[in-house]
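First the structure, in the form of structure tokens, and then the observations on it.
By letter and in written order, the chains are A, B, C, D and E; residue numbering begins at 1 in each of them.
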Amino acid sequence: MKILLTYSFSSLATYIHNLLAELITNSLLLQVTEMVILGVSLIAFLVVLCFFLGYMERKVAAFMEIRLGPNRVGPKGSMQIVADTLKLLLKEGLTPDSADKFLFNLAPVIMVIGSMMVIAPIAFAKDFQLYDINIGVLYVSAVSSLGVIGILMAGWSSNNKYSLLGAMRSGAQIVSYELSVGLSLISIVVLSGSLSLGDIVRSQENGWWIIKGHIPVIISFVIFIIASTAEINRAPFDMAEAEQELTGGFHTEYAGMKFAMFLLSEYINLFVVSAVAATLFLGGWMPFHIGGLDGFNHIMDFIPSSVWFFSKTFLIIFIIMQFRWTFPRLRVDQLLTLEWKYLLPISMVNVILVTVMAIMGWHF
Amino acid sequence: MFLKEYFGTIYKSIKSLLVGMKVTGYYFTHLDEIKTEEYPDNRATLKMFDRFRGEVVMPHDDNNEHRCTGCQACEIACPNGTIKIITKQEILEDGKKKKRIDAFVYHLDLCTMCNLCVVACPSDAIVMAQNFEHSVYDKKQLKKILNQPDSKLMQGVE
Amino acid sequence: MRGLIEDDYVTDEGEFVINIGPQHPSTHGVLHLKVWLDGETVKKVQPHLGFIHRSIEKMSESLSYRNFIFATSRMDYLAAHINNEACALTVEKGLQLEVPDRAKYIRTILAELTRLQSHLLWWGCTGLDLGAVTPFFYAFREREYIMEIMEETCGARLTQNFMVPGGVMYDIHPNFQKRTKEVLIQIKSKFQEYDNIMTGNVIFENRTKGVGFLSKEDAISYGVTGPTARASGVSCDIRKLIPYSAYDQVQFDEILGTGGDCYARYMIRMHEMKQSVSIIEQLIDNIPEGEFQAKTKNVIKLPKGEFYQRVETPRGELGVFIVSDGAASPYRIKYRSPGFSNLSALPLMAKGGKIGDLVAIMSTIDLVIPDIDR
Amino acid sequence: MGSSALILLLLCGIAFAGAGILLSLAVAKTKKNAQKGETYECGIPTTGTSWIQFNVGYYLFALIFLVFDVELVFMYPWATVVKEIGMPALFEILVFMFILFMGLLYAWKKGALEWK
Amino acid sequence: MNTEELKSSISNILPSAIYDETGEFLNVNIASEELYPLINELRSNSEFDFDYLFCLTCIDWKDHLMMVYHLLSKTHQHTIVLKAKISNRENSEIETVCNIWRTAELLEREVFDLFGVKFINHPDLRRLFLSDDWNGYPLRKDYVDENMISL
């Protein structure tokens, strides 16, 4: 019990380091080995995560659509996504003759890199963080928009009209929604006074911001969820794919593993966005605390911090999934109207409100 | 005025979206509403309606007798040329020659299950069966001969 | 492949020509639209047809009057029953045959059930086309109940082929009335849910309101019929104008809209579903006893002449024009299919809209491609 | 774990995506023919290249975005210290936001926020 | 207008029209050259006001082709059937009506495709269903298709 509650990234790292130090004496080799272990475990984590998210999406969609969803491969169909990955692996990764072949093949790699880089500052549990960057929030918003380069690259290099249209749409879309995401992040930065995600989590020790900050923070939470759904190109903002209009949008020409990379990065993005939302607004790994009630807080601490983090993240993931399976898609001009005429002005005013609240100390 | 309209739109929009999410949320939490039929697994309980038209069959009784006189009414009634009746001359016990069917050829691959042959049949020799699993690997297997080998015309059917 | 000659594709400098269909998720079949774009805006649409042309008209010329009915099931496969009914009515008109009341009632109930299931499918597909996947499954759940009724009574789910000249092929199944009433209750209880998930949705409203406008004059000039025309304010419900079967026995409203846009077309169909439910409710308990089929000769021969019958399918006015020379099979048959004329107005409606609007318009005029190509 | 985490993640991304694609190249059966190399356009041969001058309404948005995004980055340092500085910071940002807001309203009224 | 009034009004415009009342609708038989002036009058004259062309087709009577126009007036609710006889089977021509009713554009293309009637002044007279290199006109009675399977 004790170990379970106090494990941390550094202690785990030290443990493995000590273990390896006995076996390998060369310090450079030791470092490389450690890096490889970390890298492999990261990739494994992300792959398992994506498999789970893929399975979850199918089941959520199925249950909302009064279907059973995957139920053949593995127990309750849980291995379906593995089977699909194998299928995609065995498929021929075509490159169209008229495409720009270098960019066409580079685009999926860029997408994966873009979405993988964002997980660096995310705190998965107490003291379980890859790198607590001191400008974490800025880093997240900067790196997460790298994806648009991949989409533009994919859409343009395919030399397909659907792809080009999809890429153009997503260019306008991601660029626009960046602003609302940024502004709603700023409102939390104003309250917590730090850009580091670790500090932001710790600032919620006596209550999550969504509770402490009441209405203005709820508004920025809602804006964040809407805008980041648009940022990661998910329905109802999946203009870049828009199956019914553009048959597949920017990834129309992709097949096999290259296509799987787009899928993978979509799921990592979904996770990252939800994790950031959970960290900023719902306290990340921080248990549900109410300032002053020490007994209650203590009971809450018994639930491991990683459980808190993942349950919050998956709650948000579920909400974003429910969006996808409930709403029709917006039209491209309405998408921009929503951002520029509604979300942006509101979030600008909201930042002022939050600032006033922070300075006057009106939050709990 | 503008602001009132502006916020009114936002309020209405969010409300309509939440109403929609309530519907999907309801079904997500009420898994007993799931309507999926797990087809190959429910074969044992799957019962087709008795009028369901799956394929044309010719019922034979225990003595391997059918009711088809070979009058070719079904062949004429069929819009697609699905049915081909090959007849032969048979000498009855009393020495009379009588036209009997040699083969009732039924091309399932041409059939549209329109039921016109069954309606046309004056002696109720053919009926529609409820079997619907017709997929085969070779198209030739869909050409069927409906009368069983060595089957005879039922007594009393003319 | 048709329509693929080179000079067909010569375009002006800087024009962006994109092919939507035949293999496209939102064309509901093999319809090919050639779309000229300016950025996202549609400048010109040109439909190319014939991918599923089976020449049913030519085929019918060699079929007997009993047999040609089955071929029409494959025209508008979502309203196979109404197509069959139209043919049977035309033949009866030629024979001057009085159909028993029972057959008339059964025909009408089945026709309205067909309309209901067709509209349900359309509703689901509209959601699908606009990007909402879930409504499709809700619509299919209710549609499945109706399909079961069809299967139980007619013997087939989609291509019922239950019509014969002079009446219906069989009497109704003993469970028919009970099951129909249950289904009606079921469907009525779901209308609110449909409104909740689609009609009231702000995204849906924005996607359809003011999109794909069709004026009343244009609607008439383009020969647009059915809900698409009624949304523009054209009174064209054949069931009201020239009642056939048992439509003169029932009370129902012809729903007329004024908007002429996608939303108006959507609402017309939503209301029509409720009207269909009410028509069936009026008839289901009052099916008169008696024969379900009038006696006809074994070989039907129509007298020399021309016979025209108009019926109202879920998509609009279906006209069956039979020219007879007195032989056992028609000399010439022309099907005036609703989708064909409705499609001709698509370029007009889509012009100036976005690609997303084009999809919305296509789904609200409810195209069924075999109906267009025949 | 310091900034080396970023390099590690970068390498992980490259390794994973690269390995996946290369593995599928090795495993998948490839059989090239002319049809497979064609551009997909619903089964109809495509007309010309898609790399032509293309009129999208979004260049304007990109310009407005540039303005706003630069301003947004200015706000990050402000946001970290606003609590300590208090009222003066609020007034500063009010002026700043007011100008930005006016800019947005101007663009709105000018019709730059309509996708054409 | 009832049938008699329609007949007398049409006779004023086109005395050579022959009437046939055996069917459901009033049939007006004319020659193909006389079609356009009459049909233009039927549409534009507010007494007729035939604003709705609900069926346009062609019949191959072996020695001649016959264009059939089913016209309906939404305002007056009267219907007539115009039949224009095209005597020249090999080089059949008739004036288009698609500038009067827009629905005729596709319908006339269909007739051109399947019967080979050429519509003068039609804006876009191409094959509609069949491929552009198709030989012959399938709905003509003398059309022979070598690939056709007789059932």
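As a working rule, a residue touches a chain if its C-beta (ideal position, glycine included) is under 8 Å from a C-beta of that chain, and two chains touch if they have at least 3 such contacts.
Remember, it's a predicted structure, so these values are computed and weren't measured experimentally.
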item: Closest chain to the centre of mass proxy, which here is the mean CA position; value: C
item: Dominant interface by contact count, named by its two chains; value: A-D
item: Remotest chain, chain B as reference, centres from CA atoms; value: D
item: Intercentroid distance (Cα basis), chain E paired with chain C, Å; value: 25
item: Geometric centre distance via CA averages, chain E-chain D, whole Å; value: 58
item: Between chain B and chain D, centroid-to-centroid distance (C-alpha), Å; value: 55
item: CA centroid of chain A to CA centroid of chain E, Å; value: 64
item: Contacts with 2+ other chains: residues of chain B; value: 17, 20, 23-24, 35, 79
item: Junction residues of chain D - those touching two or more other chains; value: 41-42, 46, 50, 54, 56-57, 115
item: Multi-chain contact sites of chain C, meaning residues that touch two or more partners; value: 16, 18, 24, 40, 134, 141, 197-198, 201, 203
item: Complex contact set, residues of chain E against chain C; value: 22-25, 27, 51-55, 57, 59-60, 68, 70, 74, 77, 81, 101-103, 105-107, 110, 114, 126-132, 138-139, 151
item: Residue ranges of chain A touching chain C (in the complex, touch as defined); value: 61, 64-67, 161-162, 165, 169, 235-236, 238, 242-247, 325-334
item: Complex contacts: residues of chain B adjacent to chain C; value: 12-13, 16-17, 19-20, 22-24, 35, 48-49, 51-53, 77-79, 112-116, 119, 128
item: In the complex, chain A residues that touch chain B; value: 60, 63-68, 71, 322-323, 325-327, 342, 346
item: Contact footprint of chain B on chain C as seen in their complex; value: 63-64, 66-68, 70-71, 73, 134, 141, 144, 148, 151-156, 159, 161, 164, 169-170, 173, 193, 196-198, 200-203, 205
